[in-house]
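Chain IDs A, B, C and D follow the sequence of writing; residue 1 opens each chain.
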Amino acid sequence: MHNFFQFVIGGLGFGGIYAFAALGLVLIFKTSGVVNFAFGAMATVVTLTLWSLLNHAGLPFAAAWVLAMVIAMLIGGFTNGVLMRRIERSAVLVQIVLTLGLLILIEGLAGVLWGYGPKSIPQPLSGNPVNVASFLITPNDLFIIGLTVGVGLLLFVVFEWTRVGLAMRAIAADREVASLMGIRTNLYVTGSWALGTALSGIAAILVAPSLGLEPTMMDQVAVFAFAAAIVGGFGSLIGAVVGGFLIGVASNLIAAYVSTNLQLTLIFAVIVAVLYVRPDGLFGRQAVSRQ
Amino acid sequence: MLGLRGVSLSFGGVKAIDNLDLDLSDGIVGALIGANGAGKTSVLNVINRFYEPQSGSVQYDDVDILRLRSHQVIKHGISRSFQNVALFNQLTVFDNLLVGADHISRPGLLTNLFRLPKARRHGREARKRAERVLEFLDISHLRARRASELPFGERKLVDMGRALTTDPKLLLLDEPAAGMPEARHESLAKLIRQIPDEWEASVLLIDHSMALVLSAASHVVAMDFGAKIAEGSPDEVRSDPRVIDAYLGPQDAAQQDGAQAEAGLEG
Amino acid sequence: MLAAEDIYCSYGPIDAVLGISIEAPEGSVICILGPNGAGKSTTLKAIAGVVRPRKGRVTLEGRDITRLGPSRKLSEGIALAPEGRRILADFSVRDNLRVGGHLLNRNKLGARIREVVELFPLLGERMNQPGGSLSGGEQQMLAIARALMTQPTVLLLDEPSLGLAPIATRQVFDAVARIREQGTTTVLVEQNSLALTVADHGYVLSEGRLHHDGPAQELFGDERLRRAYLGG
Amino acid sequence: MSELSLSAARRGALVKSIRKLPLGLRMLAIVAVAIVAIVFPAFEGSDSFVMYTATQALVYGLAIVSLNLLVGFGGQISLGQAGFLAIGGYAAALLAIHVSGLPIPIEVLGAGAATAVIGFLLGLPTGRLRGHYLAILTLGFGVAIPEIALNWTSLTQGRTGLTVPPPRIGNTIFPTPTELYYFSLVVLVICLVAIFSILASSTGRAFAAVRDSEAAATAMGINVTATKVLLFTTSAFFAGVAGDLDAHLQGLVSPDSFPFSLSLFFFAAVVLGGLASVWGSLAGAVILAVIEAETSSSSGWEPVILGGAVVLLLLFLPRGLADFPYRAQQALRRWRGRKPRAAVPPSRAEVS
């Protein structure tokens, strides 16, 4: 039993990473209604940039991280402001295909620019696992978990309790009405793309030390992040965080008790099962409305 | 014969239908009137199983409707049109009608794939029925037009036509006059009046246009806040003080008659 | 104070408005009537800045505001309550109003909500209910109240009686009369000629052109006109 | 054919203008395409790379049409169509290896049927989902299938893959590129006839009805969930057949033959070729096969070119390639100073 809980705790670190990626996805989806299938590739480019800043520009880790976040926001803002805006009135299908095209394009470009050999970046915190109530956990995992919960709560508070959040929720509900009420919708949507890309970028920076940094690094993480977002109800920020931890723990248990190779497949089976029982996810809700 | 007994429905604490009894005899046109939000469309949605009432029973002839799933309702002869028009937008008018006729004998995929005699017979039968509806509604000229290209008023007609193509015994019409110019209300009312004789179906009608309801229906039920407040012949219901209070507004009846003519323009 | 002068609008190749001029003196209610496709809504959208006229001018107190977008128009004091109510169904009534008050500062917001609720007491009883649970008439009231939250000097209402029962229609027009008492200039687009009973001046549109205009009372009494242009 | 043109759902302007051509001209266009497809090997048959590319276009054609059945005609989304191809390919390889002397029609039907079973199972949960959920779920499916193939070594030989013998009828085998081309062409044509036949029937109407309005479809007696499951099953069948053809073309099935990007390119081809346009999908397949062939030598740049092409095309032709002639016509008219006409007049409600 003790082993089981040790595996649960071991999964929380990756869970936090999935949660970050899912938060980025959900944030963008909430305001713009677009599921950004290219988010993994965009996040990888952010991390590769961080690698270049560390290794070629020789910046200290913290400074490189901050600069990478700025670049992430520029990438996200550019993607919405220049590309997605052109097709914001097109069918959902067209938007999906555009982000898929971006995924392939950006991954390809990353391969051409940085090459396919794995690179390494350091963890934010190094150090040996510490003993917490007889369970072992690394300082880095603690850092990730704390950061995830903190950022998740902060976003939740902003969204639910502030006027900026109200404006963003209004845009998600009815963009035209929001703009008629004087809300600068393009600014907010572009902002959420910038912020969402930064969040995915954090996920990629956190995961790179374990997976090895290469252009297709985020492909697997992306599937886990989609799973987390779906389990959380795709639209709920708290749901994304909880979903991320659930998926992280579940995949660690699968790796421990079943097989590392079947992680993706079984997680996929889990989301099928969740959706079969609750088509709107665990935290999703259906609109109350009357004809 | 349709019978609702003690039907109640609420959404998150808001009562849409409140302990409603409703009867509709065969071969007549009945109408349901009431203010927006009085629960009229909810009644239709209960009858064709889009909504699950919290209590009560719905009986049609000997069939307990509440035991059916929504796509099975039509097998027992109950068909409907939609308030906001739910046509198959990318199909032509004729194909929309064919979908209505398709439930009569639903050939399987392989039967269709190999065009077995059953599939061909079904095709002939469905086209014949659709032709008859086109003729009845006088919309033959629209047959090859795509549904999404039509103006709202004509889409309403096609919506009604699709419900007729299913060969119903009971036709539920949700605001058939909405979006149609007032000048056409009288001819629409005439069409609806003909349905019991020409198509051997009774009609349950909802509309805001009092003029249409008065001219088409022989039996009227008035609702307010989900409950029945009056029932009877059109004249009886129109002069019922509760109806005037809840639906028409507390003004003298003469002015209301004039007002009704205009109210028919909405949509 | 508000005027549209000889405006032309088209959607791609389709002409919707062909040279319409209207004028709304300060504090008045004017009503634009006409059948479907007459160009009423387009005229209103051109005034609100949602649609850009191909030709012609929109002026406010003599200033040319033709080219301003909806958000600039809003800061000039022109608010539009769009067709079909467009209530944010999942939002509480209060949050719907707060969205309308997006441009107000925090102190003003509460005060403005109180002012607007005074005009629509019914909404005050439902502040915490989701907008989607209101009846059609109540939702229309909320849509108008939400537009009023922006503290407009000119309020544009696009077919507020659409899909409403006679009694709810009456209540909406009564609300327009109350708004008028507060001195807000109102432009009302309608198919229902009852709207003339709360208007000062009426314009009858048909196929993108102005067919008739005159004092609202006079138009309302003109049976022939109502049959000819408002019947189809 | 006439009934089909009535049931034709949203098509691009190109197909619409083809439909407006007199019947004779339309038949002429179809006959011309058929003649080119049939005599093509007489000119290029000696160049095995060209023949490979042409056969690949046919295989992609069937795969993309099968996906369009789902997306364009049925209103569903699948980002994992390559997963179906993989199942069809493995089924074909296993049948050909383990059942000696199996006639090719039985093998093809078997590969299609095996895939249809998986499509049915996938359709059960997905039948209740829509939009982005469906996209992500099918994406997961497309990623999971190669992973399962990689791990189920007793059946699939893991990364090594299975060698697929050439198709055979009786004792005759068809190993040459030209023979494989004709084999694929015949199978494609039979499948297209079957698909047109389904689309023109009450089953095709039920697919379109569910796509356009689930509420109205239900009211008309259509079981929406069952119809979606049937749609997934049907689409999977034809994708499985495409997988069978692909297995024979490659001579090998392995987990690496079905990368996730393949599903994406199929999806892009459907959207760019025009939703609910069979001919647009076939055109998309030809373009995809040619781009792949042209970029296969320039290592590393292939995804950049393909991805970049998808992005640019969508930004400038958001309604797909089929819209291009219309756009060009509009531009020409503007250039000549005439007033352009709308393809679809806005509804009166939009104008009012």
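Here is the rule we go by: a residue touches a chain if its C-beta (ideal position, glycine included) is under 8 Å from a C-beta of that chain, and two chains touch if they have at least 3 such contacts.
Model, not experiment: these values are computed from the prediction.
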Which of B-C and B-D has more C-beta contact pairs: B-D
From chain B, the most remote chain by mean C-alpha position: A
Interchain centroid distance [CA atoms averaged], chain B/chain D, Å: 40
Whole-Å gap separating chain A and chain B, where each centre is the average of the chain's CA atoms: 48
Computed distance of Cα centres, chain D from chain A, in Å: 32
Contacts with two or more other chains, residues of chain C listed in rising order: 36-37, 130, 133-135
Overlap residues in chain B, where contacts from two or more other chains coincide: 11-12, 14, 37, 151-152
Residues of chain A touching at least two other chains: 288, 290
Touching residues on chain C, where the partner in the complex is chain B: 35-37, 130, 133-138, 161-170, 191-194, 226, 230-232
Residue numbers on chain D that touch chain A, as the complex places them: 71, 77, 79, 124-125, 128-129, 131-133, 135-137, 139-141, 143-144, 147-148, 150-151, 260-261, 264, 267-268, 271-272, 275, 300-311, 314-315, 318
Residues of chain B that touch chain D when the two form their complex: 48, 50, 69-75, 79-80, 82, 86-92, 94-95, 98-100, 102-103, 106-109, 112-115, 119, 122-123, 126, 144, 148-152, 162-163, 166
Residues of chain D defined as touching chain B within the complex: 3, 6-7, 9-10, 194, 197-198, 201-206, 208-209, 211-213, 215-224, 230, 234, 276, 344-345, 347-349
Of chain A, residues touching chain D in the complex: 29, 35, 37, 83, 86-87, 90, 92-94, 96-98, 100-109, 111-112, 219, 223, 226-227, 229-230, 234, 259, 261-262, 264-265, 267-268, 271-272, 275-276, 279
